[in-house]
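Please see the structure below; I have some questions.
Chains: A, B, C and D, in written order; residue numbering restarts at 1 for each.
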C-alpha cells in the first residue's frame, strides 16, 4: 500500500545510515560527550549564524517540548499556544504532567495571532488578582504549524516583540522545520529563527532522521544543570552519538535542506494532482502536509488502498484527511496515487 | 470602611465559636478520628438523604478541588470545566500542579452548557488518535458559579446524564453552596445534589466557618488509601476536630441554611439599592455575589470608602466590580452603603 | 479516658478562643492581608530579633514542610534528613509528591550528626558523575526531634556551618518548637534560630493553636511569587485571619512560652512518675514526648484505659509507646495516670 | 585511546546496521504499529516462553525504569531497591520526579538480601500508622547489578516469594541482561525471568543496540492506556521501527546471546590480565564490569591512556575504577591494555 499518512513511516535518509557505518567502531564517550555531537553542534551554530548557541539533542518532539518548556518555565508560569498547537492537543498532556498549564488561544489556520495574544497579556498583567492565576511565561509556536501553514518573518517578529515586551520566552517547535524553510512561501532562514526566537528546535525525526531533535538556546539561556534535567525526564541517550551522528550528517552538504526541498517538490506535485482530480482542500498549505475534505464513504474507500491520516470530522458526512510527503516520497508513489484518486 | 468585597472577610458565625468553647477540653483523637467529625458526617449524610455517603473535611476550596480531582482521575484523564470555572482561572494552576489538564469549554453566564459538552465528548471518543490526547474524565461545575448564577435541577441532571453516558464523573464545587440552596431561584436540594453528582463539596469557609469544606462521595467512590492521599497533599489537619466541630455546628438547627438565607436576603436588598441608584448590572445573579459595571473613575472613588472587588475590565473605561454579602452583613452595612452610593 | 497519645488532642488555648471572639466581626481582607496577620508577623520578627524576617502562616506541619522544601529547592536538588526525620517517614511521601528526593542519613537519638553529613557531601561533590545524581540542596532538622531530643547551640551551628560551606540551605522543622525552647536542656533561643537557620517554622498546631505554623525566612530568601506557590499547593487560607489571630495571640504576653513551659513541667512530672513505677525509657528525652518500652501484653492493657501512642516494635515481645504532654495536660491527668500505671 | 569505560561507547552491532539498510524504504506505521516491532515482540515472547507477554520498546534505561515504575505503582506506593540500585543513585531523581519514593535498603555486593526486605515489610504492615507512610509497592532489582554481580535462581525466587506474599510487584532492570545471562555463573534464563518477575526489561543500549530497551509484562499486567502513559513521559518514538528493527535483529539467530557471550569472554580475559599484573579487585564480578582499586596517582596516570570509569573513592588515597567490555571489545584492545597496565 502506498503511504502518505505521515512523514515518519520510512527509515532514515541513506546518507545517515552510511554515516552510522563509517563511525560505528570509533569509541566515543557517552551522554553527548562524543566528537560527532560536538561537530553537529558546531555545524548548527554555523547554520544559525549564532556562535553562542547552546544545543542539545533529544529523542523526539513531545519529549523536546516537555524538556524545553518544563525546564525553562518557573513554577508559577504556563505556556501560551494556539488552540490547535501540538502541546495542547496531541501530546497526551505531557506538559501538564510536568506541572505547567497550557494556556490556549484561538488561532487562524493553525497560527497564533497578535491581537488575542496582546489582549490576553494586557488583561493578565492588569489583573489585580494575578498572583492567584497562572502567569504566562512562554509563547509556543509551531513552524510549520500543525496545519502546514507558515508564519512570515514579519509575523514571527511581531510575536517576538509582544513576548519580549511582556517578559515572555518565545519558543518555536520545528518538528517539520526543514519543510517550512524550503517552502517557496517561506521568507525565514535559520539565522532569522536564531535571532527572533529565544529557543527553538530543529526537527530530525520527521525530516529524514531515525529519531532526534536539536534544541537550540539562542541567548545563552540553557538552564543550569540541564544534563540532569534531561536525565530526570528519561530523555538522556547513553549513546549520544546516535543523535550526534545524525545531525552532523543532516548538516553536512546541506542534506537537511535537500530533504526539505524534495518533500516540498513532491507536495507541490501532490497538490496539483489533487486539484486536477477535483479534490477540495481544507485549507491552503504551503508545506508537506495537505488537508483534504472527503465524503466519509470516499474516505473509507481510499483508506483501503492509500495510507492517509484521519485529521478530524468536517461535518456529519465528511472527514478531513491529511496527505504528507517526506524524504522518501518518490515520483512512483505519486503516479500510483494518481491512479487511485 | 464597610466591606462587601467578599464572603470571607469576617470570622466565624458565633454559634461556631461558642461550640469551640464548649468542646475545647474534651480530648479526642487526631486526623479526623474524633467524635465531632463523626457526628458532622452523620448529620451531612442525613441532610443529603444519602446514608452511604463517604465524607471528608478539608481546609479550603482550592485544596478540596485539587484533592478531589487529582485523587479521582486516572493519570490519562483531565477535567472539563467552563472557561470561567475557578479551577481554570483563579487557583494558580493547582490542578496542573498535580499533573492533570483542565479542559475548558465556552460557557454562558458562568454555566457549562450541554451542547458544547456533547460536541466535545463526541468528537473525542470518535477521534482515531485519542490515545495521544488527554481523556476527559470528569466534569467540574460550580454551584453557584463564579458569576453567582445557578443551574436548575433539569440543567444539572442533563449534565449528569451526559457525563454518565460517557463514563465521566460529575463533580460539583459548592464553595458557596449555602447561598445557592437558599436562593429563591433554586430548585435543588442537598438530597438532589447527592443523587445527581458523583462527588461534591459543601463549602464552609465562605459560608460562616473559619475554614473548611465537606467533600461528599455519593457512590461509595472514595479512592482507596484516601487518608494518605490527603496527607501527601499537605491537606490533613492534625486537629481534625477544627473541621468536625464547625461542620457539626453548621448542620445543627439548620445553621447552614440560616446563614445562606440571611446573606441572600441582604443580597436582595443590595440589588434593590443598586438598582434604585441606577447602577448597571453585568448580569443577573440570584445569589450573594452581585456584579456591577462602573466607570473607572467611579470605581476608584468608591474603592476608597467601600470594600469592593475588582472582577475585570469591562472595556477601556469601565470596570466590573463585585459586591458580596455573607453571614455577617448587616442592615447597618447596607444603610452605610446606601449613603455612599 | 485520659489522653497522653499526642499534643493535638484537645482544642486551642483559651486565650486564642477568646481572641477569636473579640476580633470576629472586624472586617479584614482575605489571603493573609489582614491586620491580625500583620501584627503576628511583627511580633515574630521581634521575638526572633530579625527585623527583615519574611513570614507566612500555613495550616499544618506536613504542608509547611512540603511548601518550604519544594519552593526553595531547585529541581535538581533533594533534601537531606535523619533517617528518623518526619519528612522521610510519616508524611506519606509528601516531599516526593512534589518531585524531590529525601536523602536520608543515619542518625543518633533522632539527631543528624556532622560526620555522616560531611562524608556524604564530600563524596557527592567529589563524584565525577554528580550531574547524574540528585544534588543535596538543603538539610532538614527537626527541633525537638521526632524522639523528643534537642540539638545544642553548638551542634546546630556546626550543622549550619557544614551546610553553608557546601551551599546548602538549613531548614528547621519546629512543629514542637515551644517545647524545645522551654526545656531545661535547651541553650537555643528564637533569635539564635533566626541567626543560625536559613528558614524554620514555629509550630502552632501542636503548641496550643487549633491549626497553623509560622514559616520564617531569615535571609530575605522567600521565593518569588510565593503567594501563588502556596495557593498552587492548596495551602492558602482564604480567611488568613484564622492563622493571624492565633499567632498574634501566641506571641502576646509570652503565651507561646507559657504553653511550652507548662507542658515541660507536666512532662518532668510524668517522667518522675514513670521512673518511680519502674518503667523503662527507650531514650532520655528532655521535652514533652516520652518514650517507654512496654511488654506487649502490658501495652494492650494500658491502651484500654490510657491514650498512648504506638511508636514501633522494640523486639518480638515489646512495644515502644509514646506519652505526650501539652498545653491542656493537667495535674489531675497525671494523678489519674499515676493510679493506672 | 583504548576504551574500557563503559559498554555504550561504540555504535551498534553490524547486524543491526545491516538490518536498518534492508528495511529502510519499507513504509510502516508509526508509534510501534510497524511489522518489525510486531516481529520483535513475537521473538521475545518465544525466547521468554511466555506467549502472553505484553511488550513495549523504549529508548533508554532511566526512561524505562521511570515509565515502568510510575505507571505500575499506585500513588501511595514507593519502590524498594538496594542502596546501590541505579534508580536510587544515578538516575538524577527520575523516580521522585514522577512523585514516587525510592525506599532504599542495605545491600551486599549490589544485591538486595531477603532478611532486610522481610524485616522492612513486616515492620511496615504491622505499623499502626502506616496510612501516614509510603507503602512499599514494588521491589526493584538489577541483573546484573550495578556492581556486576548476579542473583542466583534460588535467590531471585526467594525475593519473588517475599514480594508476592506481601502484594508487591517484582521488577527486574536488565540494562545489561545479555551479560548476565551469558555469565558462566548464571543459572537463570529468559523463561525463568518471565516466570519469576512480574515485569522486567531486556537491555539493548548497553548490549549492542544504538538505543532501546524491551519492557516485558509477564502477567497481562500492562497498565491501561499505556501508549498515552509513554507519550506523556516523552518516551514514545514516532519511528517505532527504530526500536522494532533493532530488537528483531537482536533476537534473530541468537545475536543477543552472541553479544553477551563475546563480552563475557573478553571480561574473563581482562580479569586474568588484571590479576596477573597484580591489580586488586574491589569485588568478584562474574559479568562484563570489573572493579579495581587503584592508588590515586596510578588512577590519574592510567586515565591518560585508557578509558576507565571513576566509580568512587575507596579511601583517602585510593579510587575504585571500572573496566567494562562489550560487543565491540576486541583481542587487540586487550593486548593494547596489557601493554599499558
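Structure notes:
By definition in this document, a residue touches a chain if its C-beta (ideal position, glycine included) is under 8 Å from a C-beta of that chain, and two chains touch if they have at least 3 such contacts.
Note that the structure is predicted; figures quoted are calculated from it, not measured.
Placing every chain at the mean of its C-alpha atoms, the farthest one from subunit C is found to be A.
Over half of the residue-numbered contact pairs of A-D are shared by just one pair in A-B, C-D or B-C, which is B-C. Centroids of subunit C and subunit D (each the mean of its C-alpha atoms) stand 41 Å apart.
Subunit A and subunit C have CA centres that are 50 Å apart. Centre to centre, using the average C-alpha position, subunit B and subunit D are separated by 50 Å. Among all residues of subunit A, those that touch two or more other chains are 76, 91-93, 97, 99, 131-133, 228-229, 231-232. Listing the residues of subunit D that touch subunit C in their complex gives 76, 78, 89-93, 96-97, 99-102, 123, 126-129, 131-134, 310, 312-313.
Here subunit D touches subunit A in the complex through residues 1-3, 5-6, 8-12, 14, 17, 20-21, 23-30, 59-67, 91-94, 97, 205-206, 210-211, 228-229, 231-239, 241-242, 307, 328, going by the rule given at the top. On the subunit B side of its complex with subunit D, the touching residues are 71, 74-76, 99, 131-133, 135, 224-225, 227-229, 231-232.
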